[in-house]
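Lettered A, B, C, D, E and F in written order, each chain numbered from 1.
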Amino acid sequence: MAKILWVNPLVTDDSFDIPLKESLEQIKQPGNEVEVVSVKKGPRHVEYRYYEALVLAESLHIIKQAEKDGFDAAVMGCFYDPGLHDAREIVEDMVITAPAETCMHLAATMAHKFSIIVGRNKWIPQMMDNVILNGMERKLASFKSLGLGVLDFHADEQKTMKLIKEKAKEAVVEDGAEALILGCTFQFGFYKEIQDYVKVPVFDAIIAPFKYAEFLVELKNKFGWTYSQIGGYETPPISEIKQWNLEEDFNIKGLWE
Amino acid sequence: MAKILWVNPLVTDDSFDIPLKESLEQIKQPGNEVEVVSVKKGPRHVEYRYYEALVLAESLHIIKQAEKDGFDAAVMGCFYDPGLHDAREIVEDMVITAPAETCMHLAATMAHKFSIIVGRNKWIPQMMDNVILNGMERKLASFKSLGLGVLDFHADEQKTMKLIKEKAKEAVVEDGAEALILGCTFQFGFYKEIQDYVKVPVFDAIIAPFKYAEFLVELKNKFGWTYSQIGGYETPPISEIKQWNLEEDFNIKGLWE
Amino acid sequence: MAKILWVNPLVTDDSFDIPLKESLEQIKQPGNEVEVVSVKKGPRHVEYRYYEALVLAESLHIIKQAEKDGFDAAVMGCFYDPGLHDAREIVEDMVITAPAETCMHLAATMAHKFSIIVGRNKWIPQMMDNVILNGMERKLASFKSLGLGVLDFHADEQKTMKLIKEKAKEAVVEDGAEALILGCTFQFGFYKEIQDYVKVPVFDAIIAPFKYAEFLVELKNKFGWTYSQIGGYETPPISEIKQWNLEEDFNIKGLWE
Amino acid sequence: MAKILWVNPLVTDDSFDIPLKESLEQIKQPGNEVEVVSVKKGPRHVEYRYYEALVLAESLHIIKQAEKDGFDAAVMGCFYDPGLHDAREIVEDMVITAPAETCMHLAATMAHKFSIIVGRNKWIPQMMDNVILNGMERKLASFKSLGLGVLDFHADEQKTMKLIKEKAKEAVVEDGAEALILGCTFQFGFYKEIQDYVKVPVFDAIIAPFKYAEFLVELKNKFGWTYSQIGGYETPPISEIKQWNLEEDFNIKGLWE
Amino acid sequence: MAKILWVNPLVTDDSFDIPLKESLEQIKQPGNEVEVVSVKKGPRHVEYRYYEALVLAESLHIIKQAEKDGFDAAVMGCFYDPGLHDAREIVEDMVITAPAETCMHLAATMAHKFSIIVGRNKWIPQMMDNVILNGMERKLASFKSLGLGVLDFHADEQKTMKLIKEKAKEAVVEDGAEALILGCTFQFGFYKEIQDYVKVPVFDAIIAPFKYAEFLVELKNKFGWTYSQIGGYETPPISEIKQWNLEEDFNIKGLWE
Amino acid sequence: MAKILWVNPLVTDDSFDIPLKESLEQIKQPGNEVEVVSVKKGPRHVEYRYYEALVLAESLHIIKQAEKDGFDAAVMGCFYDPGLHDAREIVEDMVITAPAETCMHLAATMAHKFSIIVGRNKWIPQMMDNVILNGMERKLASFKSLGLGVLDFHADEQKTMKLIKEKAKEAVVEDGAEALILGCTFQFGFYKEIQDYVKVPVFDAIIAPFKYAEFLVELKNKFGWTYSQIGGYETPPISEIKQWNLEEDFNIKGLWE
């Protein structure tokens, strides 16, 4: 049994959180538990690095608190994978997953090349950094941009579906993609119909990292496979955090205990 | 519920198969079923490309038959990942996993760099090809060679354990590895003690691809994510197979029906 | 004087073998001898990894036997270069060449970039692996796909010629190719006319590896340059082959003596 | 004339800030102005990703405010280059530099290979990401780790100097480095003596990005060369920032006006 | 104060040299001095490797003489960067810059990707080598070719401007370039209008390396940062030059003293 | 029948040229003709870029003249491969080869990795550029430096032999080299004994490019495979050469006719 937290590093409301929790409930393994949480203050999407910067600390504190509260895993819910490595650094052995890393590694074990369908060209340079750092340059067939912002995807779902299908087809026929990745958690709800249309796997940015989190919890519990504290994921020393009054200064009293 | 077949692309006997099946039984998800099968004729290890060549066709036929028999997944049980892509080509949507691909992708989502502990230098060039083709060059800290053949690992387990520990330590301390991969399915039984010793995750070449197979079956069944028939995994046309009498010539009557 | 064997890793008949032998006779160095041989059972083309798997062992045994029969070199006659490294592993110092490796290295010493003209998109992922492993990613201008299977090339030669010319022109004008490679041994007979048309060298997948084999035999005989037994091309020990009855099981009595 | 702000993304005191400002005064171009500022709350070093996360937003707000206050450039004062791209996103055309990016590009135009001398192994994975993303993999001779934390460098300066000299020598003699980079702003004060000792350029992580900032201001003012708003550095729309009350929520009233 | 020499590795006349000197005068830092010099014999453009070969030795001798005459820096004035590394080898600590190296490193610190606008396709392979060796493959969005030779750029400036604008627009809109580089010193005079048109920085191949030379002189004088004599820039021993009578044979009496 | 010219881009005397010609006579194919020529003025070795620059133009003129005189091929006799691409640009269809390119491509078709044994560390950066541009980074096991200049190799041949053997052994045993390349034409006379000692192929920098030249002449004559004039090897227009009086200025009257 695993308790898994979905963390939105952006401000959401019930119209997003409730269906998200419901859909995670439906796909989780029996016995597992799901919670959805968002930052309390900040932007309503994180297309910009600045927006990510505003919510980064709070997102990390949510995750650190979740570990104290007995969660086994947290998913950082944005396709930029913001704070993925930071979160792994601060937890002891809680599982942390994120959409881009998970989708790319999954796609790489099911296809020779994949394309990533993004909202706007603005996103591509930062996502390309993730492609490179995950070793996926040769696996990337293309980025396909829809010309839609995060908050536009569900403004007119039929139009969005039509646009994604068009770009998905191009990716498969012209760019040699054998799998597709929907490069934004807000592209939820589309993957199945696209998948039936293009006949290649289409990875959803919510489902994939959530399921991978469940899988990694099982691996951790059964085999002890999780981040070591030796090397890049070494955790900051609590003595420093105490000595510098970071808990007080950042309103996280008792978090690092 | 998933039926998973472990395929040894080499000739084994009960002293290997029975404990292997037992250990898979212990780690599988409840409800799943496990079978272990080996090729009927061929070498007793596959350190050489020639040995792999001898058993390749039979291994693939075992997998194709397993798909007909209702198996959901097959694991190709050798760290060279022999026939991994061939098997994905011939099946319709059965899950196929293999040790190197799985271990490297898992390690890449838990560590900045990993080392692979191999038996002999002979293995490295071929395994390096897999490192490259999986996009893992930058993730590879080092290959560490034990100077032991496949059949030597369990001749003197204490000596082997000591040797692996030594190389594991070097990998972590000198090469910057944050995770280790045991680069041979015959290195079973060692990972846990090594892991406790070096304090970084040590991936076992049997457990990892087996658990990944379970995971991928779940993804396939729930979300339809599996190899497409468009592109590199396009399946050969049955009409050709029939017309050329391949089933008769290769003693696989009825396999392609 | 060198004896060179052309090995078709597929089933052929006289309509292919006789002209092939004749054309090799015409281009060989004076004094050299040529034989053409095909596997006895298997597919009539090897577009699929599965088809390659079926003929791999027999192809290797043909080569091992050829070495015993005094051949100096063997050419593995398929542009996927199937079994190229396996063959080098099992022979003592016989020269082994194959089309993709030879054509790419030749083109790389005559042009800044080259394109490879293939039959179908299906072939590209596997051939791309060869491009990568041969260090040719930066030399590759593009793959150009004709939409023709192996057995279609000579169904309507005029149509095929027209198609190749079209793609060849595109490669040179749009993709910056300074050389072209015909990416299938069954594209024989076309290179000269294409070459006159596009005014860049067009490498034929039969001629190139055959001539390179002649060249390497000369280098081996005069300077001793050939695969070492140290490292990746280490040969399997005959003791194992005998002990495991591989000769009997695979109908190759006396081959490993 | 340019006004340049040095931003410490960490909490400092006068014992650091005053000598830092003095040394920048000494090296600046005549007519230029220098200010040094640090975040108000947070850690006293940023060896950990978590510490960087805590100070990221405040650092960016300092920079945005500086732009409003008429500064021409800001230097993000940590060798991880934290927030470098975020800062470029939020400013209009203010110059932003950072130590790693600057030192590596400078070194690359003066040497075939360089080594980076870091405090602890912990830092290497994150810094390696910067090496990769800046295209410097082939230029990197090695990382050399001193086994010292940020706050240790000046605890015993003679010991530190001795250690750096030792590693510097190794880098030049064994690793082929033709230049060295001191991979932490807190390694100030050492470069000159090391440089005289090893006879290759030794780049200081404070001086280099400060001087590069001066240079880029000149280029911007004279030739208009600065980040475009098209692409990855597109600035977030003020309308969103206002609508979501980000200024109130993050205590930055009036910053985005 | 720095004395900087612009070296044209081609034969020019006053119609080029005088405006060039004037424009450098206008952009130089106050107090610096500028000279422009060209080789005495040779071609009037260096689009071909052969032409570069003809002027290489004389260009290097001009630079060596300039160092004796007290110049602080020399700019090798051709976008192929001919003799850049040779010049650094022969000087003691004089600064040497060149257009491609400078423009690419500058662009890489201001944009995620850049395109290079060249005259003819002929130039691309050689310039691509520079892209690769400078570590800029991932930063290169595209080469855009105008179909104009070096001497055509100013034959009809309006037509050239129109062509560059067209290609510049394509680079930004289709290829994702966030900066542009004019890949020939003879494209002088165009950058500003293009920059206003496409709204991304457009680097001029004359201004950039000249300003970078000024900057590097300042770094050298203040901090001692310049090429070391250890490694690839080791200078040839004067004893050999004397012993072999190279000064007499190449009409450079007294140059190496 | 082919006429092949060996070009020394350095000043030699009979003690080098006569044995060189004799040894080429012994290894050439029957019917072929060999000439050896050196530049008339210049250095006696080309360890420095400057020395190469001095002899580049004359070397190219020797080759252009040789083409007029009916030579079929020229070998540029230095392991830096100086002028290799320049020479291909100026000839019409004469074969041009050079040591590094040939040795690396040959080694890459016979071994998974190779090491290059060089004289001094000074050479490595420039040779590494050739490794990279030839796509051989992954094939390179290591550079091994002897600490000997070009003119030292034959000062004490026993000592040199001992040194090479030592480094060769290290390369094979520690670095995983399966082949070795002697990275200087002046290392002639050593390869055979080293090869017998380390049991891997050892490529000689004189023999390899000479034999490859013979081979390429055969390919050109029989199949028309040689550099195209389209792209990077486009030849400079004679009209320009005439108009600019380059023949007079460079004492090559009538060369370009």
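The rule is short, and it goes like this: contacts are C-beta pairs under 8 Å (C-beta built on N, C-alpha and C of every residue); 3 or more make two chains touch, one makes a residue touch a chain.
As the structure is a computational prediction, the values presented were derived from the model and not from experiment.
Among the remaining chains, those touching chain A and also chain F are B, C, D, E. For this pair, chain C with chain D, the centres built from the Cα atoms lie 54 Å apart.
Our note on geometry: chain C versus chain F, Cα centroid distance of 28 Å, whole angstroms. Computed from the mean C-alpha positions, the centre of chain B lies at a distance of 45 Å from the centre of chain D. Annotation for chain C: residues 112-113, 121, 124-125, 132, 137-138, 176, 178, 231-232 touch two or more other chains. Pairwise, the chains that make contact are A-B, A-C, A-D, A-E, B-C, B-D, B-F, C-E, C-F, D-E, D-F, E-F. Chain E meets chain D in the complex at residues 27, 29, 97, 101-102, 105-106, 108-113, 134-139, 172, 176, 178-179, 191-192, 195, 199-201, 203-204, 207, 211-212, 215-216, 218-219, 222-233.
The residues of chain F lying in touch with chain B in their complex are 112-113, 138, 176, 178.
Every residue of chain E that touches chain C in the complex is listed here, in rising order: 121, 124-125, 128, 132, 137. Per the touch definition, chain D reaches chain A in the complex via residues 11, 41-44, 47-54, 56-57, 60, 83, 85-86, 89-90, 121-122, 124-126, 129, 132-133, 231-232, 234-236, 240-241, 244, 246, 249-250.
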